[in-house]
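Going in written order, the chains are labelled A, B and C, and every chain counts its residues from 1.
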């Protein structure tokens, strides 16, 4: 199996990739000794070829969209077009200092302005701020705007944020960060929100409800208009978590469903890279009543060009969320992707994502797997429950996940949402071929057969990955978070 | 089979309480709770001297996959926390009613104890949950 | 159809398998009144060639300048290998390493990053990064409030000369949890350690010290760290990672060292790119690790006893702890950390030290050249790679004139820090040559209406 030493273990004193730093050490005689470091920082001492080889080899230990089918539910692991990266990394975009005058950055500002306009169209909203740096920051901005709106009306008691029990963990965590309290409501047996439970919790303390639609259960919330009526009638607002926008792009609009604010994960629906866990971009779009509160900066259009709008232009803003203006380079990648697709391409995204999910769902059902919501139409993703197989054979969703790795597939999302026992949340995306989906059905069926025949063998998976199953308990009990191969400092 | 010793009191949140000769109480989590949590990797305990009201989240037990609050079964003042758990959280898994105790509390009122479940009632609670 | 692989035969066969007539039928659970037939506000699609032409045109509409502007984002050399490697598809198109066995590349890289970063700041542990410097600073304040021994305090002391935009961002992020930033007394471009006695220290959870500060100045960190610890305050170091190639690391401040270090990772191989994506770093003492937000990678063993890496301490995070999580953060800036780790590996400790020293030396040269002009004076020394100059005229129009001449002359301090008068913050990284500096001197002389010898 492939292994790779730590870069520190390849280090030898005095070795350097010398073309990247000044040839000599400049004089620092004016700096008092008390402010200087006594020993150099413990960075590795390696050649450029060693660096290139090391990180190339490390990359080869990863599964990725470019190498494997990656049906990770709720994450929308679709193909990331190379051209988005190539164009966002043109020197004319990379060389831009964030504090340069607006008139030096017109090419950037014009692109971002058009991105704002396209995102308004895709959501039906009237205002957009691109600055949130990830979905969770978009959530924060959304709830902070809702709080600010209530406060602007002298409505100071609204501190409760309602979230369905199927919601992503960021939703309740966001409520806490905004100084609110998360109130969980149950989901009905068909996957829709329990409206009676909702009616019972709304009231004068309700700030907002946070919903994903389609929900994390992979079904469209059919009574969304009723939910909107209930929450609005109680004086609260509706927050749309855009995690699953890929399912409805160009089919229905969050604004039409009654939402007041939306965040969109550009790294999902608009195919910017996941990058091994970031950077994301979690833009927010709002209707007219929340527009004054949008986080800054925002791109404005004036005679003579585009400008950054800041505190002076937006006095009611909730403020800034980053040092400068968020993840601009990611925004440019999304812009390129959206221009490639255009309006008709966007509608095709949701169409084919839904086609692939329903096809895979029907085929897995036919192969004997238990679909969590069999009477519902799948959205762009769906859940299978392995509860019966687990009961009969002892094989868990985790075992299936690991066995998929041996068969060349990244695992679906496991154990989320928490409502469905032994679940796999499967999102194929629109960019996979029918042949790939068929192969996935075949692999899952083989694994199920193996579970019945020899569960012990199944539990030995994965066997072809660079490491076998890892000891998570040891990792947490005997924390080893940094390399200690040699003392960090010598005093 | 989950152990439910007869000489202890229990809560619906799967904690046990044992009264000591000096009137203080020892608190821990039940065998059922440690099974549900899985192998513990960390236990966060309150400092001695902290006042807690009944139902306050006063400790956290953490496995690799879950973190659960431990709620105060009684109002009182924390007398001591089990010092062994800092380096050996697995004691809670291995011996939940013994070496894996969490903390000692001085209750504000002895009458609060009477409101807790006895082993029969707790066993019924577990049976109802299955 | 862009990026959609289906043939007509595929489509027909798949619809038949599902048992529907067409794709639109798959949306039949969306109430009819809510459906739309398209997105009229979005323009039609374009070919890759057309978009390429469009974006080349946009890039060319931007204006490149000679950069003497720092103020939180710095133009450094980035080795070609950094982004060649970081944008390999196996890094670029992978996701959060939840399936550890399928993500050892990303996980080992983050472990190496954590090791480098912890070493750079000389603290025990680092997380896998946060969004940017400003949010890392805000998260450090929240972390300190959670961990504080002055239990009830929700107030954090901050040096006056911390990045003003970071202050603003932090205020947005801290308001909801009622955490308040309170300014330390200051004099002569840095914290006035002599005035600390006026503070009721028990009222605060922590003190935040920028290193160097926003003005390029070097705070009295040893004295302030010892004062803070003697009053049970935690010490948060907000530092520039390139400066730490040369400057005393937070772990060595005062008798015990700082408790938390955070900052902006951009100087470690990240392009300026209009402000992002960058990454925020955060490190702390081992005892505080469970209060640290964000992902953390740990080393462990697999079932065959071989070394492997995995996400650990996940129970602190939102996907398990939900409303009681340390933060709602659900990402790290993985791709940027990939670049930074490659960047630090290429520089090594000696390379980073030389870059830092050259930045300092070039800024000294710049200060020397500009203060040779009548009426231009240095506000204070010592400084690292930014310095405050006093100009004889209002700064804004002068900067506009310089910009028109192709020079980003620095940051106008007069609005944020009026006590500095007509203050201009200038910066020269290792990339600025003697010719660049001379060009700035001549342009500034011109803007000031002086005739000088070239």
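Here is the rule we use: contacts are C-beta pairs under 8 Å (C-beta built on N, C-alpha and C of every residue); 3 or more make two chains touch, one makes a residue touch a chain.
These figures come from a predicted structure and were not determined experimentally.
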| field | Distance-to-centre winner among chains (Cα means, whole assembly as reference) | value | A
| said: Counting only C-beta pairs in contact, which chains form the busiest pair? | reply: A-C
| field | CA centroid of chain A to CA centroid of chain B, Å | value | 38
| query | In whole angstrom, how far does the Cα centroid of chain B sit from the Cα centroid of chain C? | reply | 43
| note | In whole angstrom, the CA-centroid distance of chain A from chain C equals 20
| said: Quick check on chain A: which residues sit in contact with 2+ other chains? | reply: 472, 475-476
| Multi-chain contacts in chain C: which residues touch at least two other chains? | 312, 320-321, 324
| remark: Among all residues of chain B, those touching at least two other chains are 41-42, 62-65
| Residues of chain C touching chain B in the complex | 290, 312, 314-316, 320-321, 324
| chain A-touching residues of chain B, taken from the complex the two chains share | 39, 41-42, 62-65, 89-90
| task | Report the residues of chain A in contact with chain B in the complex, numbered from low to high. | result | 415, 472-473, 475-477
